[in-house]
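Mind looking over this structure? Questions follow.
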Amino acid sequence: MLPRRLLLPIAPLLSLPSSAASFSSSSSSSSLSTSRPPVALVVGVGDGIGASLCRKYLQESYQVVAVRRSEGGLDELSEELSSDAFHPLSLDARKEEDVDAAFNHALSLGPLSAVVHNIGANIKFPISETTPRKFQKVWELAAFSAYLTGRAAAAHLAPSPPPHSPRSLIYTGATASLRGGSGFAAFAAAKAGVRSLAQSLARELGPSGVHVAHVVVDGAVDTRWVRENFGAAVEKAPEGALVDPGAVADAMWFLHNQPRCAWTHEMDLRPYCEKW
Amino acid sequence: MLPRRLLLPIAPLLSLPSSAASFSSSSSSSSLSTSRPPVALVVGVGDGIGASLCRKYLQESYQVVAVRRSEGGLDELSEELSSDAFHPLSLDARKEEDVDAAFNHALSLGPLSAVVHNIGANIKFPISETTPRKFQKVWELAAFSAYLTGRAAAAHLAPSPPPHSPRSLIYTGATASLRGGSGFAAFAAAKAGVRSLAQSLARELGPSGVHVAHVVVDGAVDTRWVRENFGAAVEKAPEGALVDPGAVADAMWFLHNQPRCAWTHEMDLRPYCEKW
Amino acid sequence: MLPRRLLLPIAPLLSLPSSAASFSSSSSSSSLSTSRPPVALVVGVGDGIGASLCRKYLQESYQVVAVRRSEGGLDELSEELSSDAFHPLSLDARKEEDVDAAFNHALSLGPLSAVVHNIGANIKFPISETTPRKFQKVWELAAFSAYLTGRAAAAHLAPSPPPHSPRSLIYTGATASLRGGSGFAAFAAAKAGVRSLAQSLARELGPSGVHVAHVVVDGAVDTRWVRENFGAAVEKAPEGALVDPGAVADAMWFLHNQPRCAWTHEMDLRPYCEKW
Amino acid sequence: MLPRRLLLPIAPLLSLPSSAASFSSSSSSSSLSTSRPPVALVVGVGDGIGASLCRKYLQESYQVVAVRRSEGGLDELSEELSSDAFHPLSLDARKEEDVDAAFNHALSLGPLSAVVHNIGANIKFPISETTPRKFQKVWELAAFSAYLTGRAAAAHLAPSPPPHSPRSLIYTGATASLRGGSGFAAFAAAKAGVRSLAQSLARELGPSGVHVAHVVVDGAVDTRWVRENFGAAVEKAPEGALVDPGAVADAMWFLHNQPRCAWTHEMDLRPYCEKW
């Protein structure tokens, strides 16, 4: 099978006019175009929250664009989902041109309704081992990608609202978004930055109808990686001690659909037995 | 029509054994009793969030107990709802015996699943006009009633969980829960106290399966009182500038149903155009 | 020796004109009166922070009024200080008339410059053992007394500023001021309330030149009570693990003297080795 | 006069052994070396807070190393201070080698006791005008330099404490450290990141005796730039409406000298008449 990367409709993307123009022209062109299903773009899709978001939005009849950095990293999910409405892209969310490509792809499919930024970079090192390169890499991965996604979302969610359809930009936060713990200088600085970015965008974009939210996941998420690396602890933990990524997706779906008279900017999600 | 107050089954309440005992015996007595629909108790029901909560829980087939202080204050809602599953009580949530009576009534109807404390006391006075009496009254109304409700909820939600059914205690917060604004010494002190109480109860009761949440409503709610007193401002405001109480009820219903692996303790709700 | 209570100049207090009037007349009457040293009033004086504050203000040539509830509770400190400038009062800060008496006494001595509220009520109980009486008592002790002190300070610090002299109202906070821990429903609710009260007063009174601050002491203070009850733990702890009450007094003295162009509203104080 | 840059003792710096080694050897070598006055390093010195810090530490008999990016930018201050104990360096705090050079220079002068990071990058742009380059520049200037400074401070303040002498690392924060306002996506993200970094370092380094603090300056500081750009507003403002940078320096000096049993991690500073 061909690598996913090669399957991307690169050419059409490159020939797109500027995305905002493209979007508004398509949405105004005919009733046909406005009847296309809405599009959700998930930046940062592994086997946890990102994958659950894709499942959720597909189930709700959205076109779903999923971004992951690694080549082939979305193959398994593609096979599972087996849907024409699922559009995996292997792109690097730290690069402006890649983020633009992802948005352009999404805009080519229909009216962009939901954007989720779901990239963490959870590392723990004493400050003496937090090299400049590590500090910068963590920031680029978690925070710069969040900014690039937010800027593009501001441009493409805002201008041409299909009437009454929700338009949201949601960030996945973590414990470190709120607390600078010992050993988390790099990760906490990046995640606190994302939180503040989200707050700023919420205040700036809210009045024009774009709902920006920040979801603080305060607990270990039930992923393959967690089970492989913390298997013993997971075995001993009571049922419900790991955050089901599907529950996070449900919460984000709920936020996406809130009426504009009652938007949530921030909510936490935490297992019932988590210490906090 | 008779005032609702007279329709209350007062005598049975007084003859109830201690409520916890009553609850566990009834829930263990037979399959019949466990098949009774769950009960929601809403403390503080006016024509806004409280009324919407009652509608929501009725619609979801709960038995609903509504508490309001004033005699007859729930007549209009009763007529509107016109349901045997709606149980209005005119009781004073600042009094231990009244709160106990409300819980006993709820427990007599079936398994207690949802408790909401929805009492504010939004007053604004310079400190020089905030008399000891006012300060104390606001605290009793907003905070002491929250404690009484929380203590009873801890006793009655916790011990006998119908398997897999949600058990939640939700507090309605306000802007003043997070911020002590000028002129809000009494109100902000009370609401910040409630927020801290909710946090403490969340940490204490979470591990035993009781979900405690605090919902910060940061905006004016669309009630009769607001429209009567701020009519001009409401006229001029854009659509969606007032919080629809139904949207708050929907958010609380969402919280109530979160799986225990991903509970929210705090979320805000705010109109898209609200300054914050 | 006579109980302290009997030594209070009750009669003069009762015959005072309204305190604000009294204060402004005395301060404008003559150069003699304005040359009187400033007065500090400390509400809540045990052998810890309160006693250190008294020492500090005496050392800085203030007249010091110290309030403690228990009869004779200030005898030992009086003997230690052995100063005519120290004025111990056994009064109950939960009672309006007692707080007024304390302020009137302070105002009779000279221009009121510093007010500190230093009353905690640190108890820990599961919610099931937090009776209504306990919840209310903790609130009265920690929060209602804070309100009464704040209201009187607003009245008596504000109106007649001796030029360029600092006027401050400082609250002693605790870990529970910021966090509702499990088992701290009563204490945390009260202390969070005080924090919000302080914030509200800071915003209301700041523009008229009254500096309101909240000092969060996040650690065990080195008092006789702590050493008696946690002796073993204290023995094992490294030097500096207990907060020296003198260091808290120094911090409050620093706050008191901040120029009005750079006031601190909130600061934390914590031993270097404290987990947080 | 020669540009300051050329006056730097570059050669000695380059020939230094690794700085930690250099520091511990010098401090252990003789009683003579330990009697050298302590050194303060201020990263980010303009005509405001940074300059005031230099004055303060000189006045307290410290050797002071001042870092500013621009060539000649410290000439005026040098002339004013006219002291052999003042060591201006034109270095770029965003560059690892420059930060290391600054620390090496400081270490060559005596025991490093105080480090202050005082770099903001206050810009305001709508997200649509916040280009990737701007976002990154702001982050580098405010946050990456804060990390580089923090990492070096951790290495050089920690290992060889002159007994009982204070060792502190203090960050200057701003309103945006706590709040992501509309239009401040870049600045707020960077400053919130610094705040979280400071918190993380405080938790990591505190137990080894390095005091890390974060001072939130919530108001306009009285600098030449502010007076030139907001002259009209400054004229109309009441006395005390601008933060005197000397008052900030005093607060930081107070923090630097706190005993380790009562350290402040965060404090705000705000004019009495500031809205907040």
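Order of writing sets the chain letters: A, B, C and D. Residues in each chain are counted from 1.
Throughout what follows, contacts are C-beta pairs under 8 Å (C-beta built on N, C-alpha and C of every residue); 3 or more make two chains touch, one makes a residue touch a chain.
In this text, all values refer to a predicted model and were calculated from it rather than measured experimentally.
Looking at chain A and chain B, not one chain touches each of them. Each chain gets a centre from the mean of its Cα atoms; for chain A and chain D, those two points are 36 Å apart. Rounded to whole angstrom units, the spacing between the C-alpha centres of chain A and chain C is 50.
In chain B, 203 are the positions where the chain touches two or more neighbouring chains simultaneously.
Each chain pair that touches appears in this list: A-B, A-D, B-C, C-D. Residues of chain C that touch chain B in their complex: 96, 126-128, 130, 132, 135-136, 139, 143-144, 147-148, 150-151, 154-155, 176, 179-186, 188-205.
Put simply, chain D touches chain C in their complex at residues 203, 206-207, 209, 211, 219, 222, 240-244, 247-248, 251, 254, 258-274, 276.
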